[in-house]
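Which chain is which? They are A, B and C, in the order written, and residues in each are numbered from 1.
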């Protein structure tokens, strides 16, 4: 029983990471109806930047802030410079561009930082908080950070004019232009935010999985599974889906064996796509012939 | 006076009025062409909207009325000159044109279905710098259209056709535009609702001196509201004049007014 | 089609075949081995192209079928003592079934969602191959070593030369069959489904059957390529078939040209030789090059090298006054 509880709580902590990346994916999906396959590698690259900053002596939270801000800028730049020229191309071309970005970020990271696995520091103390036996301080801390980020984003989209404009631009670009919204820049902003969220997720997960160029591969897959499960066009659904996948991953790992975790993600993805593509909370799209 | 002299006098008067209108024109369009891909829909048309005036463009389905409004906002490929209060706006991006004070109530209403009624209004004010006045303006829209106030927190997609039309008009007004473009606002609405809507448009035009360009199939109602009218047939202007003159024209009465 | 062109094209193919047969005798054994891999890749690329280029179903996980074919051959030779030449059709059949079965649920997935599902397949494959429950067959992380077959005594060829001709024979058969399939009724149905799926259905095309069959055939081709490649390389291990293999195949198809048969050779040459050159710079360089090339091609040459060749030939022909080439 204790073991199960521990796995569930631990699963919630990793679920927070999946939820964040899933949210980043859904943000871009809502605006473009495309999935950014390169999301994980961009996050990994940002994490390396944070590591490099700390290597030259920048204190942890400063490195964190600089990296997240930098990731935002890079996200905007990628959208404006690389994605925009092909934005009206057929879907295969766009998928290929995203895959290309994945490959480029991955290989450049390997080139600059080599493929040796590096440890990554956690800002939270090594001893468990209040001496509890269920969650490490890092797990609690990372979950707290994840929740804060998610809440801030929610508030931004719900209560600020810019957030409203971004939501409008994602839903209905034509009408958005008719109220004066610069839809292209809203898209770029979305990419910037998604990249920033990814960077935070990468920094939070690196202490656990260790820093190496392929560290986000599995996480991206789980984030996909979570986003699909919750509903690829529902941000709150994606977040919930991320947490569910996190918990399930650990529970399945205990009872079925941890070597099949990626297969589990595959099964979830294919299963959701086949049984209910709109996920638990997404909208069902009726295709008019 | 003989008929010829009356007609001559009327023509001179119309010319003078046109010249006067040109001088104060809020919107002046010359040689406007538009195409969808290789298909040309507008073949070089001229028209104008006076400051604070209401101009209507009439025509049957397929005449190019919606295309005309889209062309003014540069939503499709266009040619020719479009001036807003003397300043050239053809060639600018749609959102830039809107930001210069052109509100557009589009064909099909263009409602943001997944935003609430209030959010639809607020997003209409996106281009404005005076954040403080936005709340005041929302309330003003609610006084024009009380039905919207009842449903302010509802998702806009759940509103009826008439309510969405009111919302679309309000949303465009939130911009505090100088010029309001309306694309077939009567479409799919019950006659009583249309009457109410048009009465409110008249009131807004008189109270706030907002110029309006109204594209309509419902000729009778449009001619009652407008002070100037153009008749569009397959992408060309075939007649223009005061609403009064157009309304009493024999041909127009037979073809468009049904009597 | 202009009969003169047909004869010219046929002549071209014959010349290329003759050249291909002569090559192994004038170059070093190592190069022969590399060319054998090029031939194997070209079969895989044709397979992927059928699915993605002609039928419009995006696959980011075709490395998985290559892996299944490779492992099928390895297991049959190592554990069941099959001769190498018998493993090829069996690998093809196994992959056909696997592809068809994956294609069935994939029927409901379009574009992006199919890309996601196949992406997951490609990423998960190495882990599946390493799993303990099938370890005694797959050899787990270490994989399986294959004994290189000898050439029959009467030929006097070296092992590499013999494998080259063996692979070349399969290339000839599979390309001929593929070309026939694609220009026939089923090929037209495939393209119709890609371009106008609803119209195709309304005209009586059994969309579901064609799509699943295409998936199966595509997997069959890629599986045979995997088997041929495995025999040439003499080794299969889970980490050789990572997600990056799927990316390699996709790159090859993009470079060669989507919906082009001859493009498979251009693409195969690229994916075989570029890494060799790029490796000198850094372990990461080949992938960076793939990424940049992919993006560049999407911007500049979306029809790939074969499409580019076609355009150039068209321009030259028009200048000479000959009728425009299709």
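Remarks
In the analysis below, a residue touches a chain if its C-beta (ideal position, glycine included) is under 8 Å from a C-beta of that chain, and two chains touch if they have at least 3 such contacts.
It should be emphasised that the depicted structure is a prediction, and the values quoted were computed from it without experimental measurement.
With centres defined by CA atoms alone, the chain at the far end from chain C is B. Of all chains displayed, A has the C-alpha centre closest to the centre of the whole protein C-alpha set. Separating the centre of chain B from that of chain C, both taken as means of CA atoms, is a distance of 59 Å. Chain B has its Cα centroid 45 Å from the Cα centroid of chain A. Between chain A and chain C, the centres computed from C-alpha atoms are 33 Å apart.
Against chain A, the residues of chain B that register as touching in their complex are 73, 75, 93-95, 98-99, 104, 106, 110-115, 119, 122-127, 131, 171-172, 175. Those residues of chain A that touch chain C in the complex are listed here as 33-35, 37, 82, 85-86, 89, 91-93, 95-97, 99-104, 106-111, 115, 217-218, 221, 224-225, 228, 257, 259-263, 265-266, 269-270, 273-274, 277, 289.
By the touch rule above, chain C contacts chain A in their complex via residues 52, 56, 58, 60, 105, 108-109, 111-113, 115-117, 119-121, 123-124, 127-128, 130-132, 198, 243-244, 247, 250, 254, 258, 282-288, 290-292, 294-295, 298-299, 302.
Contacts from chain A toward chain B in the complex involve residues 161, 164-165, 167-168, 171-172, 174-183.
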